[in-house]
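Multiple structures follow.
One chain, subunit A, links the two complexes that follow: it is found with subunit B in the first and with subunit C in the second.
== the complex of A and B ==
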């Protein structure tokens, strides 16, 4: 029983960051109709930027996290303006190919810049775990969980309560009508992509100190983000949050009780099964945003 | 392409080992041939049905492992192992086709990627069968009757024969009723369906032939490098195939071959100048540039330039 609780807690920490990844991707996918295969590379970018800020520039842990988010959002904004905007009326396959190209370029730029050796991000938290009844959690993991929850709440507030969020929801529902009502579609798309990429970078900067940082970490992150999006339903923010938690917990349980070698297979199996049997996601009647 | 031009190309390909200066160049030609088979295989799906399979390395890897395991563990000889590799990859294509071709676009892509991911993890973790990450060394070189095809020249002709066979299969398929049905589906699925094209049937057929062809490429690869490891499932292989098809011209017969030759020769030529990472970085940038500046590929573009356009149907926009 204690073991099960421990797995659930670990799964929750992992799932919180998966949810961050998934929320970013589900917004981009749902709102812009772009299949962003570079999403995981923004996650890797976040991890590397935070590593650079901490280990090389010697900055504060929280400042490094902020820098990573800003870097991810800035590069995402650049991507949208330079590459996706000219292709806005092209087919979904065209933009997908472009984003695959961007992903490959980003990953190998990281490989060139940092080398293939995995790096570990230093963090200021004590390593002795906090014991809470039957379970134990490292302070770093607790911090990651809390911060992920905070970022998810912030994303939700942004979409529900701000003018920008309302424009995003309108664009998701009907792009042309939103444009006629005076919403600047270009601005919304750029903001969405920057926002989504920033969240991915945040997830990378958060998970970076827990795991190792290496150039190909983005590949798996992309696929996990896609499993989360598919679990939750396209453009469904609460769905992505729940989907992320579910995937994190499923992975922990799978690794704990079945085989750790197949941990990453769980995301793949989820993608296949959900798409085959419940393609609109587990939680949604229909595709929607927020 | 004119008929004479085609025969000249065949003659040139047959005579190639005579004027290639070194075994290294022959090696590049062999790899170009293997990738030619793979690119043609991907083109059947991406070019003619419009469905992008990003799990194509899985069929390639299944072919490679089937062939390697049968020759190593059961002492099969090369030819039946090759046939089995084609059959097993084709069967995998059938299963994936039946399951995934209910989906379209991005969803199809995701299922194919996930399938490749699962297969790759199995190859790493099922150590009793696959020897895990260490891979299977010592895959035997093929033999033809009393002769061993161990030399590079002999293997070149074997690969060339496979390229020729794959090309003929593609041409036969594409110019038949089936090919017309596939293009009709790509261009306008509801319309094609309304005139009686059985969607699932034709798409699954294309997936089976495509996967079987990738299995052929995998088997040839395994017996050429004489070594198979989980690296055959690398996403890089799939990306390389996609770039070859998109660059050469998807939905054309010659396009994948042009792409394969170009993108096997080019990295080798650049090898001295740049490291592997730079090449991969360049691949990414190149893919972006291709989509922007040459969205239909080299072969259709050449066709326009030579004023003898190969019959290309306009690409579907969805």
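== the complex of A and C ==
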């Protein structure tokens, strides 16, 4: 029982960051109809920016996280304005290929800039685990879990409670009518892409100190993000949140009870099952983009 | 107030409007009638900026708006209540109304207008927190109209307001539109139900294949042989 609880807790930590990744991707996918294969690269970008801020500039952990989010959002915004905006009316395949190109460019820029050697991000937390009854958790992991939860809540508030979020949802539901209400569709797309990319960068900055940072880390992150979106349903924000937690927990349980070598395989087995039996996602397909 | 001069527009290779001249004076209720595909909806879309004309001018209050964005045109005072109501189904009634006032920054006036709209359409106040997609067709039509009013327009474009509604709801919708006009808002309306439209309008235009083929006082058109044969079923 204690072992199960421990796995669940570890799964939550992992799942919280998967949820951040998934929310960003599902927003971009759902609102803009862009299959963003570069999404994982924004995750890697967040990890590298946080590494640079912490290891090289010696900044505070919070500041590093903030800088990573801003960097991810800024690059996402640039991507939308420079590359996706001119292709607004092109087919989904065209933008997908462009984003694959962006992903390759970003990954190789990281290889060029940082070299291929994996780096570890220093963090200020004590390494001795906190023992909470039957389970133990490293302070860093607890911190990651809390921040991920906070960011998910902030994302939810932005979508549900702000004027921008309302306009995003309206645009997703009916683009022409949203335009008739005076919503600038271009601005909504740029904001959405920046927002989604910022969340991916946040996930990278949060998980970076737990795992290692290396140029190809974005590949797996992209796959995980797509898994979460498939689990949760396209454009479904609570779905992405739950899907992320579910994927994280399933991976931890698989790694714990079957074999840690199968960790990544577990997620993909779930995806295949979901696609076979519930192709529109695990959760009721009521409201999308919310 | 509104003048379209030689407006051409289309969707890719398809031409929808071929040299359209339409004018609407302040305070008028003008309607466009014509068969399906004649270009009535495209005319409204051109005015509201969703379908920018390839040629011609659209002048609103002395200002050329044919190259402006929908947001600018809305701010200038033209709201468009689209065909099929098009409420945002997964936004609440309240959020739909807020979307209507999206371009406005005068918060207290928006709040006052919201109260006014809810007094006028009590059913919307009752369903404030309900998703718009769960409303009946008639309620959705009221929401669509109320949403357009939330922009405080001086000119409202109505596209097929009676489409797909039950006869009693159609009557109510027309009564609401007549009332909006009575309160001083100018109306340009596209309507399949030519008889009802001509009875409430001051003037009307008859469209065929992207052009105006006939125009005149609505009462005269009701008596016109061509109009009677083609659009009034007798």
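Basically, the second predicted complex is superposed on the first by the 288 of 290 C-alpha atoms of A that agree within 3 Å, B and C clash if a C-alpha of one lies under 4 Å from a C-alpha of the other, contacts with A are read in each partner's own complex, and residues count from 1 in each chain.
Here is the rule we go by: a contact is a pair of C-beta atoms (placed from the backbone, for glycine too) under 8 Å apart; a residue touches a chain by one contact, two chains touch by 3 or more.
Everything numeric in this text was worked out from a predicted model, so none of it was measured.
Asker: So, does A:97 touch the first partner subunit B, the second partner subunit C, both, or neither?
Answerer: first
Asker: Kindly classify A:253 by the partners it touches after superposition: subunit B alone (first), subunit C alone (second), both, or neither?
Answerer: neither
Asker: Just subunit B (first), just subunit C (second), both, or neither: which does A:167 touch?
Answerer: The second partner, subunit C, only.
Asker: With the two complexes superposed on chain A, say which partner A:70 touches: subunit B (first), subunit C (second), both, or neither.
Answerer: neither
Asker: Under the stated touch criterion, which partner chain does A:282 make contact with: subunit B (first), subunit C (second), both, or neither?
Answerer: A:282: touches no partner chain.
Asker: Considering only touches as defined above, state whether A:112 meets subunit B (first), subunit C (second), both or neither.
Answerer: In the superposition, A:112 touches subunit B alone.
Asker: In the superposed model, does subunit B or subunit C contact more residues of subunit A?
Answerer: B
Asker: What part of subunit A is shared between its subunit B contacts and its subunit C contacts?
Answerer: none
Asker: Touching residues of subunit B toward subunit A in the complex: what are they?
Answerer: Residues 50, 52, 99-100, 102-103, 105-107, 109-111, 113-115, 117-118, 121, 124-125, 235, 239, 242, 246, 275, 277-278, 280-281, 283-288, 291-292, 295, 316-318.
Asker: Considering only the defined contacts, which subunit A positions touch subunit C in the complex?
Answerer: 163, 166-167, 169-170, 173-174, 176-184, 286-290
Asker: Within the complex, which stretch of subunit A touches subunit B?
Answerer: Residue list for subunit A touching subunit B: 29, 35, 83, 86-87, 90-94, 96-98, 100-109, 111-112, 219, 223, 226-227, 230, 259, 261-262, 264-265, 267-269, 271-272, 275-276, 279.
Asker: Which of the residues in subunit C come into contact with subunit A in the complex?
Answerer: 48-50, 69-71, 74-75, 79-80, 82, 86, 88-91, 95, 98-100, 102-103, 131, 147, 151
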